[in-house]
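This is the structure, below, for whatever I ask next.
By letter and in written order, the chains are A, B and C; residue numbering begins at 1 in each of them.
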Amino acid sequence: MELKKIDKPDLGLFLQNLIKDFQVEGVKRKGQSVYGQSFFYGSINAPDELCLDFDCTTMPPKKYFIPPKEELLKFTIAPKPEVAEVIESKPLIIFGVHPYDLKAVNQMDKIFSEGNPDPNYLKRREGILLIGVDPTKVSPRSFWNSMEAASVSSGFDLMLTDIGESYLVEVGTDKGGNLLKKYAKVSSVTKEEEQKRIDVRSKIWNMCKKRALNFPMRELPSLLVNSLNSPLWDEKASKCLSCVTCNMVCPTCYCFDVWDDVELDLTHGQRYRRWDGCLASDFAKVATGENFRETRAARYRHRFLRKGQYLFSKLNDAACVGCGRCAAYCLPDIADPVDVFNRLKEAVK
Amino acid sequence: MNHSMPDGSPYVPKWAEISRIEKLTESEKLFELRLSNGQPLGHKPGQFVEVSVLGIGEAPISISSPPINDNSFELAVRKVGNVTNAMHNLGVGGKLGIRGPFGTNFPIDEAKGKDILFVAGGIGLVPLRSFIKFVLENRKDYGEVTVLFGARNPSEQLFLSELEQWRGRKDISYLETVDRADENWKGNVGVITTLFPKVQVDPAKTICVVVGPPVMYRFVIMETKAKGIPDKQIFLSLERRMKCGLGKCGHCQINNIYVCQDGPVLRYSDIFALEEAL
Amino acid sequence: MDKPRVAFFDFASCEGDQLQIVNLEEDLLKVVGAVDVVSFREAMKGHSDNYDIAFVEGSITRRSDEPRLLEIRKNAKILVAIGACATIGGVNLLKNFQDLESVRKFVYGDKFFQYETYPARPIKAVVPVDLEIHQCPINRDEFVMAFKALLMGKKPEFPNYPVCEDCKKAENICVFEMGMTCMGPVTRAGCGACCVVEGSVCWGCRGFIDHPNADSEREVLAKYGLSVGDILKKFRLYTGFSEVSK
């Protein structure tokens, strides 16, 4: 493991240098809510726009990998039908991604590269450099420590940890190392500083233990299989607005819908995909009108099973990283995985 | 991240031209298509394709013909949505985009040397026809063949000339019924399960293949159980919203299977425990 | 193939939906070029009763409107209701929850007896409607989308999920978190959550999604401090017709 140090005053310089050569996206403050500051990813045009001491962004960085609306094809209908693929990518640095969101990106990488590889995702992904950062604050609904998402061993090009006077930077890839060499003023790291990183991390990980699963996350698949007929699904889902907020804010929700649009001349058009959510009432409805998940409870249960069981078999991991966004933004407050999973566990004891 | 970049977008369709159209019922047409690249589609009975009408959209359609050596294949299509409506408005020479074939196929190999009980409800005959015709073309490879076909009423029977042939064939037993008769109907009346008492099977050596509307499966499976056919010898084809065909978009997911990849043809013993399958 | 003949009509409304169409700018020429507009009071003189597609704006607020609407229905192959007044009754419906006599007096003063009225209703309450383009006023992109679909013989696909989806994609801070309340969780998306983007809240002008969880929305509104009376007002501003027709 290669570890370097950037003194805090030099971080702005590093960022300034990056902005000259790259499109840099990072976490920005956006408006106060009654709960405090809100954070969103956006373009960073000056170093002071970047915020690294955020607790959790409202939306995960998935828009950079899977745009909410993405063109797949351009086509000509008449006089001769023709189709051309659209696969777009531009170099991008995302500065400031927490480990749980990095874990989600790692999972998306696996999903979109295995089976039938998805070139739209992969090409875009190729152009993206990820600079991770360890959290310094924990959002009230986060439980990433329970989901084995407090740290990641890969998936970042660089990984920053605030140790007080400076940031320690772990180099994750050659690309990240080169970035550091070319754009940052770094120094070597002492044993004490290395220990400080361990201490800082364990302190923040401990802060994320307030909200936690009461059982090992690896038990989720068996717990869920044994909870298919739990009354909890109906109880919670009776309040579900089917508003798909939980899907939209989730860093591991990647379902999409595909549709065609045409120009007003009706001879040219595009095929797009857009983020879709399995909580929407028509998600499993087919053209004949049959809806294979007609009830709110069926859709609600599906999402938890998908996160904790179905995708577990593909990823050998839960497709929930414990960011807590679904819990934080669900208006009837029924989406909290900690509450759902712990209550299911309680019921099967 | 380690991955291999595919050669191009899996969303780009190939072109096929409509070479023949046959009206099957008021709402169903049979389209014979020829791939413009001159290649065979390369499908196996039971698989489906994603059909594009540019500007309208894309829809999953099961292939109703058995594989043959030229570039043609058949789709029987009920008009139920935008894409299928648009297909019905096309004439011979019209072009369609085709992606696929996708998904699993009927047990053409596993059923060799065995008896086969086909059970088709309504337009379930469309995908099943690919396997039935395949078996009839390779008749000596298979044992006793029984076809049960149920339609809501006589006017909804598909592939009339083929049904007429099947009625006359000595090497298969073909039984049919309609839920509601009209004045000309002389045959059985009742839902498809009413045909089962008329059928003798050797459960140990029978492969049963069932395709029909979602509501039909539970009732048919009660009958196959009564006949003693083991669950692992029963195959179903499930309908879901297969939007991408690539196991990604999530719309066709039933528990931990993606119907577009792990289906549409599934072994009953593999899915009977899935909450949402039937 | 002949161009489809198109006519525009309005009932009780501000004609803001037709104005949106007139304001299509460069797209307007393409729209007008693709069809024969035979009647469009807001944009042209002349009128014909020979048309294929009728776009109807406004709600029906008096008995004497009905014969005209029935005539339009008879003439049109496809009748499209445009705008909240036509699709869900719109704000005209507010009078339904007041004494109609007082409403007439308030609006028309001492001449009120000359003006008949009855409870306002959307177009579909009087004649069958083939298509509804929601919003107050309609949004131009969605009108053009539906218009293109009609030209291609395709059924336009409107969202059947709540505004929250659009709102999350627009990266808004949820208005409930800003101390306000919103009808977004039960309202049909497709507007891009434009009101929230502009700093307001969703008022519900696109009407309910097909299966709104109205009970849960009421609970949420109560949790965020609205009284029973305020919640009722919130639901009646645009979606009161669902209440009376339940």
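In the analysis below, a residue touches a chain if its C-beta (ideal position, glycine included) is under 8 Å from a C-beta of that chain, and two chains touch if they have at least 3 such contacts.
All values reported here derive from a predicted model rather than from experimental measurement.
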Contact-richer chain pair [A-C vs B-C]: A-C
Central chain of the complex, centres being mean CA coordinates: A
Intercentroid distance (Cα basis), chain B paired with chain A, Å: 39
Interchain centroid distance [CA atoms averaged], chain A/chain C, Å: 37
Centroid distance [mean C-alpha coordinates] between chain C and chain B, Å: 43
Two or more partner chains touched - positions in chain C: 152, 157
Touching two or more other chains - residues of chain B: 55-56, 81
Junction residues of chain A, two or more chains touched: 259, 262, 266
Interface residues, chain C side, partner chain A - complex: 27, 30-31, 34, 144-145, 148, 151-152, 157, 160-162, 164-165, 168-169, 171, 173-174, 176-179, 184-186, 209-213, 216-217, 219-220
Contact set on chain B toward chain A in their complex: 1-6, 8-13, 15, 54-59, 78, 80-81, 83-84, 95, 97, 214, 239-241, 243-244, 246-251, 253-256, 261, 275-276
Chain C-facing residues of chain B, complex: 55-56, 81-82, 85-86, 89
Residue ranges of chain A touching chain C (in the complex, touch as defined): 30-31, 33-35, 38, 40, 58-59, 68-69, 238-245, 248-249, 259, 261-262, 264-266, 275, 277, 280-282, 296, 329, 331-332
For the chain C and chain B complex, residues of the former touching the latter: 152-155, 157
